[in-house]
Amino acid sequence: MSLTLEHIVKALGGELSGPTDRVIEGLAPLQSAGPAQLAFLSHPKYIAQLAQTQAACVILKSEFLSSVPAGTSAIATPDPYLYFARLTRLWKQAHRPADPTGVHPSAVVHPSARIAPDASIGPLCVVEEGAVIGAGTVLRSRVTVGYDCQIGERCLVHAGVVIGADGFGFAPVQGTWEKIEQLGAVRIGNDVEIGANTCIDRGALDDTVIEDGVKLDNLIQIGHNVHIGAHTAMAGCVGVAGSARIGAHCTVGGGAVVLGHLTLADHVHISAASVVTRSILKPGQYTGMFPLDDNAKWEKNAASLKQLHQLRERIKRIEQQHPQQEP
Amino acid sequence: MSLTLEHIVKALGGELSGPTDRVIEGLAPLQSAGPAQLAFLSHPKYIAQLAQTQAACVILKSEFLSSVPAGTSAIATPDPYLYFARLTRLWKQAHRPADPTGVHPSAVVHPSARIAPDASIGPLCVVEEGAVIGAGTVLRSRVTVGYDCQIGERCLVHAGVVIGADGFGFAPVQGTWEKIEQLGAVRIGNDVEIGANTCIDRGALDDTVIEDGVKLDNLIQIGHNVHIGAHTAMAGCVGVAGSARIGAHCTVGGGAVVLGHLTLADHVHISAASVVTRSILKPGQYTGMFPLDDNAKWEKNAASLKQLHQLRERIKRIEQQHPQQEP
Amino acid sequence: MSLTLEHIVKALGGELSGPTDRVIEGLAPLQSAGPAQLAFLSHPKYIAQLAQTQAACVILKSEFLSSVPAGTSAIATPDPYLYFARLTRLWKQAHRPADPTGVHPSAVVHPSARIAPDASIGPLCVVEEGAVIGAGTVLRSRVTVGYDCQIGERCLVHAGVVIGADGFGFAPVQGTWEKIEQLGAVRIGNDVEIGANTCIDRGALDDTVIEDGVKLDNLIQIGHNVHIGAHTAMAGCVGVAGSARIGAHCTVGGGAVVLGHLTLADHVHISAASVVTRSILKPGQYTGMFPLDDNAKWEKNAASLKQLHQLRERIKRIEQQHPQQEP
């Protein structure tokens, strides 16, 4: 596995300082890169690592060129992290076969499903009646796409994903539950990536909708009739309850929960492990998470927390009986 | 896809106002229903939508009949939501093929497994030695049922479910873990629904038990020897640790965690994302969740929370040195 | 299913009191064990159960031999729980067939994958190009092992596990996300157990590493480039974000979240449902979890919590204006 610097710069641009025929055998973090590896500097705080790097070449902004050690090549570019992202794709294309187009013989695909000729349906996938898989989309392995569900173009769906299982809908009747059949489907836009073992349920009446460019990590639960706006990203283990409407360009941290029937505006950012219990109409970062502490301290603080409302009343009474002057 | 109102009322009852031959082409929410769609009104707070609906027909209580706009048909029934649930089933039966009975050729079923003749074992399922699948039960696709595990009648198991993996049991020995083989199985009652990628572990010595009518959403973890009482429902991403005993008619909100060896009485309701750390013997709603706030405010409050026990001590001291009169 | 006490003691040691030819038909908890079953006493607090047990035989420390009821046999051993663990394995070996060695015909294994002759690749597994599966390792069913990923010896991987899906890496560019190809793999040591539907992502540049003896429960998410030290155990539904480095001999409770790029020292123990937001360099037990309460009390306390920082300021002002004497 190797590429010359010349090959890289021809494909991705950037200004190369150093010999063009230098051979790169791998990509690596700046700190640990060896003398045949290429690294990148994306943030000035790592500049100390630059002086000591063993890397063959470093991708960086031109303003840091003067700090590159002698003998190390450099590629100057305005956005080193983006350059690096593109380099990973160049690298993968050069060294690994593309996912094969067509349907793996072990997959179970209903004859009525419409699968783009250059889509890739991996081993042991299930594509049900009437499902649609767009051009260039890849289902890696053991993915289920339920009946009538649609996936757009250039999507990547990892192993174990379930799209179009029934939403969780029951009517209570005398202490038992009667099933509400889920008559909607799932519609997924273009350029969506869905992580391993993530589930996206079909809608009850209307469809569940995932817009273009959404990125979902592993083990995420998306309930029925959820709508996720374009280019929103969610980290692993997030749960989004039914009929939540999440805007575009949002981020949701790992393990967070969004309750049902809420609206999140565009550009809302939810911190990891936080629980969204009301709609959020103003962009910004939102958090709700019990701070970690050593167990003994936590026990004391948690016990006090169970009396916090009383403490507040006690403070109020003190203030009333011992009046305060304005500071 | 269509049904006449006459067909619907014949099948499900209710009092129809309006022409019987009106053709319904779909079900929809009251707010968005079009002139060939059927909607329902389940709660008086949506009565304003009724005046403006475009729906062909609305299911509602007879007391609201006078508010139905001219030209809109109506079906009066004591429980519109239940009527709607049954209508979704009628609709699905009329328009989609039932899951085929028998074993899909791609499934891997051990010859000793006992599968009811009218059960449906979907594509790429695995049913191990000695497992039992009851009459009318459907395993959708890519479901694993471990050896000796039993599923009752009329159950619906969604894609990716794993029933009967080993419970998590290890004995510590000098800093390492020795496996405790899990010798129990899983027993699931009748009319149970299990959501996509949910896992129910086999018991260590006795069985893990899921009673009749339990409804589990997606990505739920049920540990070994858990017992879930009849008609309890759990939303997505819940985790129930080993040997917890959960009563009948309970609900557990999404992302909640129930620790091991606890008992929850019947009719206990746990809010989403709450952590149950002790047994709950009294019916009611229980919650424990850090309230969401904008990140800057959260940071201040979380920092203060880490000193809450000290704050309490300071209040106590003020009260002692500046005595309060009874209000 | 039965074993004589003689057979058990010959295999596992321990001092038997009572007839050697007594036939044991099952293992059971001390409290519920019947007259043909074997139980164990691991903790003095259950000694009251010993007097009333119906068990055929009890495994216990020799100091409790005098409390064994007449007619009950006993096996004395220094560590009854460990003895019991080994007995479960003896029991299983005697009564269930071992997982068959070789590749199940329904599995999809790339010809370049190297699979030890005595490994067991279960039904409907996928083993991709260049993957390595060590001696004695068992993939139960529907497991995916991605290209170039390595699993050591004597590992047990439960159904639905996904090893080597892409890590979650994207570079932001003008409001959209550009994929960073994940060029690393996953390396798993010996004697590792991985629970059902758990996911371990491949690294971005370097590998994700799981060291020897790690035990992971079900539905766990391990992000790219995470490093988990030897003999660490994690309960169900844990999420570990990218590049976290977790020490050896740690435990992580169910539903806990570890944020990315953190370091946890050896012997750190995280309580269930806690969120680790900073590195922990000192061994110990750490917790952060909102205490459960009935919903009405929780609402009051949660509302007060959103003003906690203000309450703290108010206490400070009282103290300044009404000075306190040292107690």
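Every chain is named by a letter (A, B and C) in the order it is written, and numbering of its residues begins at 1.
We take it that a contact is a pair of C-beta atoms (placed from the backbone, for glycine too) under 8 Å apart; a residue touches a chain by one contact, two chains touch by 3 or more.
The structure presented is a predicted model; accordingly, all values stated were derived computationally and were not measured.
*Asks:* Which chains does chain A share as contact partners with chain B?
*Replies:* C
*Asks:* How would you label the chain B and chain C contact, same or different, if same means the shared numbers make up over half of all numbers there?
*Replies:* Mostly different residues: under half of the interface numbers shared.
*Asks:* Please report how many Å separate the Cα centroid of chain B from that of chain C, as a whole number.
*Replies:* 26
*Asks:* What positions in chain A touch 2 or more of the other chains?
*Replies:* 106, 124, 142, 160, 197, 219, 237, 255, 289-291, 293, 303, 305, 307-308, 311, 315, 318, 322
*Asks:* In their complex, what parts of chain C are in touch with chain A?
*Replies:* Chain C residues touching chain A: 106, 108, 124, 126, 128, 142, 144, 146-147, 160, 162, 165-166, 168-171, 173, 175-183, 197, 199, 201, 204-206, 219, 221, 223, 237, 239, 241, 255, 257, 259, 271, 274-278, 284-291, 293, 297, 300-301, 303-305, 307-308, 311, 314-315, 317-318, 320-322.
*Asks:* Provide the residue numbers of chain B that touch chain A in the complex, in ascending order.
*Replies:* Contact set of chain B toward chain A: 26-29, 32, 79, 81-82, 84-86, 88-89, 91-92, 96, 104, 106, 122-124, 140-142, 156, 158-160, 191, 193, 195-197, 213, 215, 217-219, 231, 233, 235-237, 249, 254-255, 272-273, 289-295, 298-299, 302-303, 305-309, 311-312, 315, 318-319, 322, 324-325, 327.
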